[in-house]
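Questions regarding the structure given below will be posed in turn.
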Amino acid sequence: MAKQPRDSESMLSLAWKRFRRHNVALFCALILVTFAVMSFSAPLFEIFLGTDANLVNLYERFAEPSLKHPLGTDELGRDVMVRLLYGGQVSLMVGMTAAFAAAVFGTLIGLIAGYYGGRFDSFLMRTTDAVIALPLLPLLIVLAALDLRKVGLSAELMESDNISLYRIIAIVALFGWTTVARLVRGRTLTVRERDFVMAARSQGASAPRIMFVHILPNVVSPIIVATTLSIGHVILLESVLSFFGLGIQPPMASWGNLLTNAQELIWQAPALVIYPGLTIFFTVMSFNFLGDGLQDALDPQTMERAD
Amino acid sequence: MSENQTMSGSIIETRNLSVHFSVPGKGPSAPKRQTVRAVHNINLSLQPGKTLALVGESGCGKTTLVRALSLLIPPTAGDVIFEGTNITKYSQRQLRPLRKKIQMVFQDPYSSLNPRMPVGSLVAEPLVIHSIGKRSERRDRVAELLEAVGLNADIMNRYPHQFSGGQRQRIAIARALALDPQLMILDEPVSALDVSVQSQVLNLLQDLQEKLGLTYLFIGHNLTVIRYIADEVAVMYLGEIVEHADTQTLFSDPRHPYTQALLKAAPVHGVGKRKHNAKLKGDPPSPLDPPSGCSFHPRCVMAQDLCSVDVPVFEDIPNQTNHQASCHFKDQVPS
Amino acid sequence: MTRYIGIRFGQTAIVIAIMSFVIYGLIGLMPGDPIDLMIAADPKMTSEDAARLRELYGLDKPIYERYLNWAEAALGGDLGYSRLYAQPVLDVLWPALENTLVLLGFTIFFSVVIGLPLGIIAALKPYSKIDYFVNFIAFAGTSTPSFWLALMLIIFFSVNLGIFPASAMITDSDASLWERMNAMALPIMTLTIHSIASYSRHMRSNMIEILRRDYIRTARAKGSSETRVVLKHALRNALIPVVTIFGLDFGHLFSGALVTETIFAYPGMGKLIFDSIMGNDFNMALIALLFATLMTMMGNLLADLGYGWLDPRISYQGKS
């Protein structure tokens, strides 16, 4: 007979215990929280340093790090540190929103494909395979370069401040759902065969009920892991697009577009190229380690499986 | 018998029920697709308030039969008659109200309860599905059900993994009772439990049957348990019923060699003189490649040439009531 | 098996066909109407002229008709004219494709030669220093934005050390092989570092998985020496998923090549795609994108075939 856990032991606390053993993952979680807190308190930094993220001051171009500008200034005299923090807001937000949206969509697809099986499954999985087979970046670039006024969206909307934000989230989410879809479909196929699903069916439960009340809670762990891992990927994509000038548009700062002029800056102020990239690097790496840690905590038997 | 007439008053009946699967052919010389006769020509009838046991080795098709009978999978051929109505072709929507009357309890207490749901929600779920009662009314009903199966009502907020196998089966039974069913299909409900716990759960089932007038279809392979709980027994082999009789009769006068072999292999206390010399030889056959003629003949100690050619008919044993078997030599009383 | 390949080719063809329509539509949404551009270049053009030109070029027809015209021409071998390069599309495409394949070829070579052994060594000595090192490289590699990696390499090698050039564009057609290789060094390095990260990590986890499996233990029990065990059984099986990655990575490599080529001004497919999209060269962009899609799918197909060939347990009839 299975070992009886104590009454107060829930699956969540067991998972937390496993997670705590992962020093690296904990550390990375800490880093991320710190980044997030710092980024979203950018306005406070502005007040504290007495500067403004968008304040152009051509007399102070490429200034060395000082008390007033802890990381120096950029090619337009703007404070680097504050722009980095604001960029953090954007990159983190885009990353998490797009990853979440993609996960939701992918979960739906995976559940439907796995539960109904047959033709649905075939069709959905072939579509998923086709999307995975597409070259990602070229298509993202095309989508980012579109002039949406031609589709009928108003010019006003296109000029608004936040539009580049929404666009990039939409574009990236458009391709990001495939991993989750496959994952969820695989798990759904397994969970579907378990007795409690059969029991629900024999009681006359409707398909949506079975999918969302019975199957979904049992596939949530891998979804969380996959989504966390995809946040890093999304941040990388956003930074590439912004770097090319296709993503977040200045004056809104993103880590990617801080590097847009990098190729000229390399010769004059290499530090300006290093900082944003380094932050991207640490953030993405932290998400990856975090995801790994979560995987061990939430889904320990995955390690043993051959696929 | 006319189409809608049933054997008097049966709760549920199957007529020539068959479930055949088409699978890809295995092996280089096999045809593209082969047919597996998981369940073939089953005729069963369950009388109200009684327990019919279905006995057989694993892989004989018991589970498939159960699923076909409750129309969770569509039968390939044959009919299912519930309370006089032929429900074989009903859509899932039409079946929904009927599902209240047929409930199931499964073998594995560890997988029949959703690990992510607390016990209260699990037991209340049938009520939720059929929109019965308000939340407070449902809570009361859940408490009532838990007490009826011998558990404390305050476990409602706990999760399945906090309970033992026996307790989980009780929870599963409580859930099955939620809608006041008439028929309970019990698929090996005690096979996964410790022996000491088995009798407790069996007694619970019997009490409930008396109190609530339930009809049971009890699937099992442990003959001691079967003898204890069943009124009638049907023996299944390779997708077909090979013998059917009242419990007393089956255990004292089995006519099919397979039944005889089963009894010999696992003798039941109190059966009486062991008259049977039948033995079970060989391995269970694969349903992909059933033997010709009588499907049992390769393992039958009494097999003759006839047995590999002619398929025996499932018919009454002369001079006995309610006893049928399918064997060419069923009329001979074994020495 | 032939049937399987046939099916896959068919699927690829369908996807390419669908994508051609989708991309055709998307390209049409890109800024810059050809006639508008002409008007901008010639202010004396009247609106009647413009209308006449539209009719001449068939730009006033509905999209599906334009698409079908294009498709018909394309299937007949006429892939259009590139506005940006003032040459037929194919004349620009082939050299670019060649260049990219050369670049990718070197990348794959170095990645395999360096990455696979790293993964194997790490797997053979789990939790050792070298294992952590490999793991770290792998993690770091996949967490680094490739464009930033390129920039960092430029800073390190070109700016600080002055060894390799920051641009891979060779304008002097008499440049020696050495100079060409020199110019390609940084792009290759950028792509390789990324790939090594993937390969070594996957190789490591596959090897660990395999080494755990039962038949390895059995083989050891038979008395074979350790090396033979490793090489014969584990390698073959560990290569399977690597082959898959290799094929899937193809698409990834293409995307990565896009970024790298653009930064280093290397005249390959990636840069071509980028320039033609940004330069609103509709024809070129369309064809280049389709080609990229085709290459990616071919990569996938090769990977699946390689997978099936290496792992005899997979039968093509049973493939789900």
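Think of it as A, B and C in the order they're written, each chain with its own count starting at 1.
Following the convention adopted for this analysis, a residue touches a chain if its C-beta (ideal position, glycine included) is under 8 Å from a C-beta of that chain, and two chains touch if they have at least 3 such contacts.
Predicted model only: the values in this text are computed from it and were never measured.
Q: Hey, how would you classify the chain contact layout here, line, ring, star, complete or other?
A: line
Q: Point out which chain occupies the most central position, where each centre is the mean of Cα atoms.
A: Of all chains shown, the one whose C-alpha centroid lies nearest the global centroid is A.
Q: For chain A and chain C, what's the span in angstrom between their mean Cα positions?
A: Taking the mean C-alpha position of each chain, the two centres sit 23 Å apart.
Q: Express in whole angstrom the distance between the two chain centres, defined as the mean CA positions of chain B and chain C.
A: Roughly 58 Å, centre to centre.
Q: Using Cα averages as centroids, what's the distance between chain A and chain B in whole Å?
A: Computed from C-alpha means, the inter-chain centre distance equals 51 Å.
Q: Please list all residues of chain C that touch 2 or more other chains.
A: none
Q: Where does chain A touch two or more other chains at once, residue-wise?
A: none
Q: Which bits of chain A are touching chain C when the two form their complex?
A: Listed in rising order, the residues are 126, 130, 132-139, 141-143, 145-148, 150-151, 232, 236, 239-240, 243-244, 256, 259, 262-263, 266-267, 270, 273-274, 276-277, 280-281, 284-285, 288-289, 306.
Q: What residues of chain A sit close enough to touch chain B in their complex?
A: Interface residues on the chain A side: 1-2, 4-5, 7, 9-11, 194-196, 198-206, 209, 213-214, 217-218.
Q: Under the touch definition given earlier, write down the residues of chain C that touch chain A in their complex.
A: The touching residues are 11, 15, 19, 23, 26-32, 139-140, 142-148, 151-152, 154-155, 158-159, 166, 209, 248, 251-252, 254-256, 258-259, 262-263, 273-274, 277-278, 285, 288-289, 292-293, 295-297, 300.
Q: In the complex formed with chain A, which residues of chain B make contact?
A: Touching chain A from chain B are residues 67, 70, 72, 95-97, 99-100, 102-104, 106-108, 110-117, 125-126, 129-130, 158-159, 161-162, 164-165, 172, 175, 179, 194.
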